[in-house]
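By written order: A, B, C, D and E. Residues from 1 in each chain.
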Amino acid sequence: MTLLKVENLTVEFPSRRGTLTAIEDVCLTVAPGEILGMVGESGAGKSMTGAAIIGLIEPPGRIARGQILLNGSRIDNLGREDMRRVRGRQIGAIFQDPLTSLNPVLTVGEQLIETIQTHLKLSRSAARERAIDWLRRVGIPAPEKRVDTYPHQYSGGMRQRVVIALALCAEPRLIIADEPTTALDVSVQAQIIALLRKLCKETGASVILVTHDMGVIAETADRVAVMYAGRVIEVGAVADVLRAPRHPYTAGLMASIPRIGEKPDILPQIDGAMPRLNARPEGCAFNPRCPKRMEVCARLRPDLVADAQGEVACHLFSKELAT
Amino acid sequence: MMHPDDRPLLEVSGLRKSFDLSKPFINRLIERSERQFVKAVDGVDFTIQRGQTLSLVGESGCGKSTVAKLIMGLSRPSGGSIRFEGTELADQPAGKPAQLRRRMQMIFQDPYASLNPRWRVARIIAEPMKSFATHPDPGKRRKEVDRLLEFVGLSAADGDKFPHEFSGGQRQRISIARAISTKPEFLVCDEPTSALDVSVQAQILNLMRELQRELGLTYLFISHDLAVVNYISDWIGVMYLGRLVELAPAAEIFAKPQHPYTRLLLDTVPDISMVNRDMDRPAGEVPNPITPPPGCHFHPRCVHADARCKAQMPDFIASATGHARCHAVQEGRLSPIAERAALRGAV
Amino acid sequence: MLGFLIRRIIQAIIVMLAVALIAFMMFRFMGDPVSSMVPEHATEQERAEVRERLGLDQPLFVQYGRFVARAATGDFGLSWRNARPVSTLLAERFPATAELVLVAAALSLVVGIPLGIYTALRPNSFNAQMLQFLSLVGISLPTFVTGILLILVFSVWLGWLPSFGRGEVVDIGWWSTGFITASGLKALILPSIMLCLFQLTLIMRLVRAEMMEVLRTDYIKFARARGLRDRAINFRHALRNTLIPVITIFGLQLGGLIAFAIITETVFQWPGMGALFIQAVNFGDVPVMAAYLVLVSFIFVVINTSVDLLYASIDPRLRVDDAGPAGGGH
Amino acid sequence: MATSTLARVWHSDLAWSFRTSKTALISSVLLAIMFAAAIFAPQLATQNPFNIAELELWNSELPPFWVEGGSRQFLLGTDVQARDVYSSILYGLRLSLIVGFASVILAAVIGISLGLLGGFLGGIVDAAIMRFADVLLSFPAILVALLVNGIARGILPPSQHQDAAIYVLILAIGLTNWVQYARTVRGSTMVERQKEYVQAARINGISGPGIMFNHIMPNVMGPVLVIATINLGMAVLTEATLSFLGVGMPATQPSLGTLIRIGNEYLFSGIWWVVIFPSAVLVALVLSVNLLGDWLRDALNPKLR
Amino acid sequence: ETLRFGASADIYGFDPHGVTSSYDNIFVHNIYEPLVRYSPQLDIEPALATHWEIIEPTRIRYFLREGVTFHDGETFDAEDVAVSLMRAVHPNSPLRGNLPGLVDVEIVDDLTVDLIMSGPSPLLNNFLTNIFIMDAGWMRENNAVEPIDANQGEEGFTTSNANGTGPFMVESRRPDSQTVLVVHSDWWDEPQHNLTRIEHRPISSAATRVAALLSGEIDLIQPAPLQDAARVEAAPGVRMLENPGLRTIMMGFNLTDTLNDGNVEENPLQDIRVRRAIKHAIDMDLIQERIMRGKSRNTAALIAPEVPGFAPELNERLPHDPDLARELLAEAGYPDGFAFNVNCTNDNYVNDEGICQALAAMLARVGLEPRLVAEPRQLHFERAQAGQTDMFMLGWATLPMLDGFSVLSAMLHSPEGSYGTWNPGQYSNPRVDELTQAIAVELDDEARIAMMVEAFGIAKEDLAWLPLHQQPLAWAAREGVEIYQSADDLARLWTVRINR
């Protein structure tokens, strides 16, 4: 049983230098209650995938191909109003910067109440009760008082807690958390991630956790999807992917992360950088940097193929399958 | 802490910097409020030996960058001394005296902001050589630029391009090329990799290690990423709200963290090797630096805090592994922890 | 808040002192005040007497002090042009200008803001693009040309509206108002249209730009992600944040309206302060110029100070003196 | 190198957005025509309207050539002083553009310098400049221009008014418009000053002026260009307005505004060509400048890209 | 009936002795009255005085009209006359020059006064047409016996309040907007008008004025721009009122030793050949045709034919001859011309700026370098009076004297004492001075006129001034508004009849 199923999702940006493909043939599934980590370098397409799922791709971007199914029904082709009903109620979102995610001229309470009333048939006082309750649940001290204060009166960590309350208050089934802690200090980051995990456990919501911090993924996610240059190149259980990565990119990535307690003379590194959108090579996008490059890699794009250990898009493994 | 064999390249002692954040005079008059200062750096002491790397870690706002700027003369200390090979620099502005400053350079955090977007790369790299007159001849200067570009892993032809034509990692290479163009001995690196992707971070870290080996560089390395610090440093200093709370050799500090804050950091930092560790550890937030808690700044978040911690600022004195600023450590109230090592072993 | 208020008032006083200095310098160095006051064949002796009587033999700062003291009581002496007290001249004309400016300001807000919102919400629709283009035409049309055209069409060709003056006005105390007579209201139409046209387009463009800016912010994105209704997003979230800066600009614009009234009043023979001022400029009538300058600056300063205060009381970020706990983050 | 620079310019985003924007193209073609007309006014004009000796009164008030009674010698007719409207427009355009450009340059130079200085030095210098700018900003340009104008008239002997008029206008308009530049430049300078490339320059011993002019200035010029374009339109309008109010260019050296003022008196007498043609040219000029400015602002705004 | 009257300017105030503006003087005539007045045809007729007799050459007795009341109901008597006349010649009064030679006023009885003059005054009645009588008691009550001193910085009561004996009284005044007069029902004279109310509205823009007339907002405009005459004529329901006027427009020369704004050492204008050249260079016929639309009357004389002192031989004009002008200039040693400034008003006379521009163009065409300065009247006259101009425009209607002596004494006599007050160019000819002084005291009309003609003849020979034309009177009115257009350009509103 899957909550979310994304198939061959492709997002394009028409531009003057031709159409740019931000993400291409992305396939994902999220089970109910599951936390799916999504990692990858900057520009790999993590946020874009999230935006596509919640239907907030900014024009002129558009979904060119593929479909998104939530609880088995398509949501990528819903009308404006129908999609609005899905957002917040079915799918919630948390963005990176808590400083700018809250409207500075409305009190925290107003923003919460408004969100609750939009999606749930509740009276204003009931909504207010619920808002206070949510503030309490996300760990805001003295929520009865704080509910009428403005966002600028909160600290960064507190603000991100409010953001979480806002994302969860209509009890969506899926939360897309796009780098929810990047702007926060390490010690606060741990609390926020823990809170998110706790609340989702309580409500049974699934989470897509976008980040480029492998540590966070390791400690939080159930499964992880690795993206590179607009594509998902490897998906698997966290422990598997971290400990035994199969795609050469994932492998290189894991190796190049310095670890506490280990001090190699030289860090293993992947040379070069991820290609820009308009300069993605033919075939496998990773092939120019790949230590295990084969002749076929520059020609043919490997598909994401599932096997017992997970899914990977690499000719090394498709060949294995073929033979 | 002192290496007897050699005179330290950089000695920092009692370094202080406060910023005036007072409201305008009239407001203070009416509201009877006091002048307000942020003690961004509040008495920091350390020395760096030639050819070694000292790292400063700590959460955002603890004063790491301010220390770097003070050393480079970008900001004037409110007190304390900075000696480079014994010469006092605390009262010298950036770039002065040229003979000395030429030997100190800096690499910045943001690869996008640290290169002038309107200048060509060659001009950017050549600027220090021109300014410090290490290569007065334009022709030779250009040759040197080409050499440097290749040295940091770019091609000489890249000199004619503008910064926006490069990726973040490449820009950081250009920054490094600029920094080493005057053949400095000492480099301050303020979070040089925190804006980069991990795969690129490894390239830069490797490049820096290589430079250190080849050119005998000395680093002051600033980061909030403990793992990176661990990889690159010989010594590590942990800062909290403007104060250095612990300073010890890199190997020791992770194995035997003394100060409770160091322990907290090690506990909360997400670690790739700790799959599905329970992260829910109440750790509080960093207080407002304008009104830091009295006594030991860390006491509100510290499980070991007692009355003394609330009232009296601990001194920065020798600990089992190096130096620490903690009453509990000094009083031996803290047990040496083996917990962490145990945890790691579990995975 | 109190501290802010006092600081603003002190700033306002400094501004007024600076303006008074300019006005004083005009008096002192433009034309010779003595020669305009003594008969043509006056002897040097007589001139010196006048000089002494006027205090022109005193040090400059003493003279300036006196000037400020007198200006503060509204005393700018007599107009060189028609030997009437400048303060009376201005007071007589003030209501005319004030009513014109008020109507124009109201018009530009009432029309400009909705149009700005509309074009911001549907930036790619044909109507919005048309409006955007028209607004450019609006700020490109010299106001005097618009005025001439309005007169030509509505007064001369169609004969619907008067081409000059205020129509019938009624005195209420010292204030003369054109608001309560039919002819007064009719006379207001063309001049206020001419006067507001520029401001209207400016406000429309401003609201549009500001609103589009706000619509791109994270908190709007987050609001969308929470599935809020478009109406709530546009009018509750975006509009509020849009209008806060618009208030400040509008304060400045009000000043602009008073200044542009000079042109409108010239074209429509509107008996206001602007027409008086332009006559004074033409005649080199320094007392009137100086007094107008001081009065208008005073109005600006009052408007701007109150707008700042209003701003501070509307924007919650400024309302509380304590900025709250410092946020984390880089 | 030159060709590659050209090619780079041609392929740049700005050039591309220019090539594909209809308004930008149309307005710049219009502007180019008007600039050319202004520059080559002496060659294109059939008469030098500033040379009163060339005015032959018996040719006064001729209608445009296509109207009955018009003459091909005076394409757009003549005014009461027998000034050829077509030539007057060319010369008036020239004056308007000279005043516009010169005042924009004046304002830009003052504004950029003060903005850089204030933004870079901060502290008391900055506070002084900015308070002054605030004061000036609260005064509408037209009022300040009128004042400067009035003061200049008071100080200068009358026989010099005519010759000095153009300088007075430039000064009056320039002095009122620098604030916008100063504010923008100051704002960007304060942002740039914090950037790490500036710190790098300081570390490398570059002096304050060196940083200000070599490093910061090129980076704050983008918005300045936009302001300058939009300001050009405003300056032309202000000049026309002052001239319309009778305190700008004198009737013997008419700018577009003066022509409209003169023509306005004759509008109801049926001599429409004296006011209609200069008005149309003025509106076309300002509109195309504004269209271009509008486009430029959008094109340079990274958020819109 | 209500008359809505659109004028080109507003009045500054009601004080009949307080302000110099001639327009104020004209307007105030509707409210205040003089002892004697000009009829619409400009004959002197009794007003507040019924008749007068010369007791001695320096004592003239005026018998005052009985039963005249002021607007506030006070009766008019000798004291009012005495106080008013002395007020008019008070040192503070800018109008003191309009009643020269008055030494004192003696009250003989309630309705008889003697004016004591310093010498024989052949033009006393002419002067008195412009001196208005106020109520003595009212002035005392309001502290206005003396005209306001501009230095006091206070506004005189009489500036904004009026109390005369005239046909209309002030109802309300809004500066620059509207001044309303209502009929004075106790007026002593038989009203010819059928007005109950006059709304005086200043509309400075000529085009707007015409538009207002055409759209029916206004009944009468003064002046009407010449260029709009055709349009007004063509429009239904309105008509032009046009007549030759008295005002002669002329250019004055700087005849002192240096030019104000020249590029040569000496002052070429002192050379009669240069002045002749200038005269020959100007094509007045073309200016008349184009700028004045055929409505002006070109002249070589300094006064209009209607004014005593005029003679046909004074009006023989030098022909337009640019070649001759160039020749003369060359002869005088300026084949390449020279620079000098030409000042004129731009808001005072009919098409003043246009005339000046055309003039300057014509001068430029013979090689001169005129620098044109067109300014509002106040600045212009200040400058001209101060001698800061080389060639300046002046219009002179000889009002209120209506006599050639006005020109002789003010403009042609060398500046000394009360003579030559309007001779900033410092023209000086002993014979003219001598004649002027003789004319001043000559009571015999024939002899006076003969002397005036001789003096004007000399001035014409000397080209002391350069007369251009008499400007036309041009008003426009709605159909049904009847008014006699007097040559002095004074709209005598008490003669207006409106038949709707």
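Heads up, the rule we're going with is that a residue touches a chain if its C-beta (ideal position, glycine included) is under 8 Å from a C-beta of that chain, and two chains touch if they have at least 3 such contacts.
Computed from a prediction, not measured in an experiment: that's the story for all the values here.
Asks: Touching subunit C and subunit E alike: which chains?
Replies: Neighbours common to subunit C and subunit E are D.
Asks: Once every inter-chain C-beta contact is counted, which two chains account for the most?
Replies: A-B
Asks: Look at all chain centres (mean of CA atoms) and spot the one farthest from the centre of subunit A.
Replies: Result for max centroid distance from subunit A is chain E.
Asks: Of all the other chains, whose mean CA position lies farthest from subunit B?
Replies: The chain lying farthest from subunit B is E.
Asks: What whole-Å value do you get for the distance between subunit B and subunit E if each is reduced to the mean of its CA atoms?
Replies: 90
Asks: Distance from the CA centroid of subunit D to that of subunit E, rounded to the nearest Å?
Replies: Inter-chain centre distance comes to 45 Å.
Asks: What is the distance, in whole Å, between the centres of subunit A and subunit E, each centre taken as the mean of its C-alpha atoms?
Replies: Computed from C-alpha means, the inter-chain centre distance equals 91 Å.
Asks: Would you mind pulling out the distance in Å between where the CA atoms of subunit B average out and where those of subunit C do?
Replies: Going by mean C-alpha positions, subunit B sits 53 Å from subunit C.
Asks: At least two other chains touched by the same residue of subunit E: list those residues.
Replies: 205, 211, 214, 379
Asks: Going by the touch rule set out above, which residues of subunit B reach two or more other chains?
Replies: Subunit B, residues with two or more chain partners: 60, 285-286.
Asks: On subunit D, where are the residues touching two or more other chains?
Replies: Residue numbers touching two or more other chains: 264, 267-268.
Asks: Which residues, counting only subunit B, touch subunit D once they are in their complex?
Replies: 69, 72-74, 94-96, 98, 101, 104-106, 108-110, 113-119, 124, 127-128, 131-132, 175, 178, 182
Asks: For the complex, give me every residue of subunit A touching subunit B.
Replies: That would be residues 41-42, 155-158, 185-191, 193-195, 197-198, 212-220, 238-239, 242, 252-254, 256-264, 266-271, 273-274, 276 of subunit A.
Asks: What does subunit D use to touch subunit C in their complex?
Replies: For subunit D paired with subunit C, touching residues are 131, 134-135, 137-143, 146-147, 149-151, 153-155, 233, 237, 240-241, 244-247, 257, 260, 264, 267-268, 275, 279, 282-283, 286-287, 289-291, 294, 303.
Asks: Help me check something: in the complex, which residues belonging to subunit C touch subunit B?
Replies: Result: residues 2-4, 6-7, 10, 321, 325-326, 328-330 of subunit C touch subunit B.
Asks: Taking the complex as given, what residues does subunit B use to touch subunit C?
Replies: Within the complex, subunit B contacts subunit C at residues 23-24, 26-31, 60-61, 285-286, 288-290.
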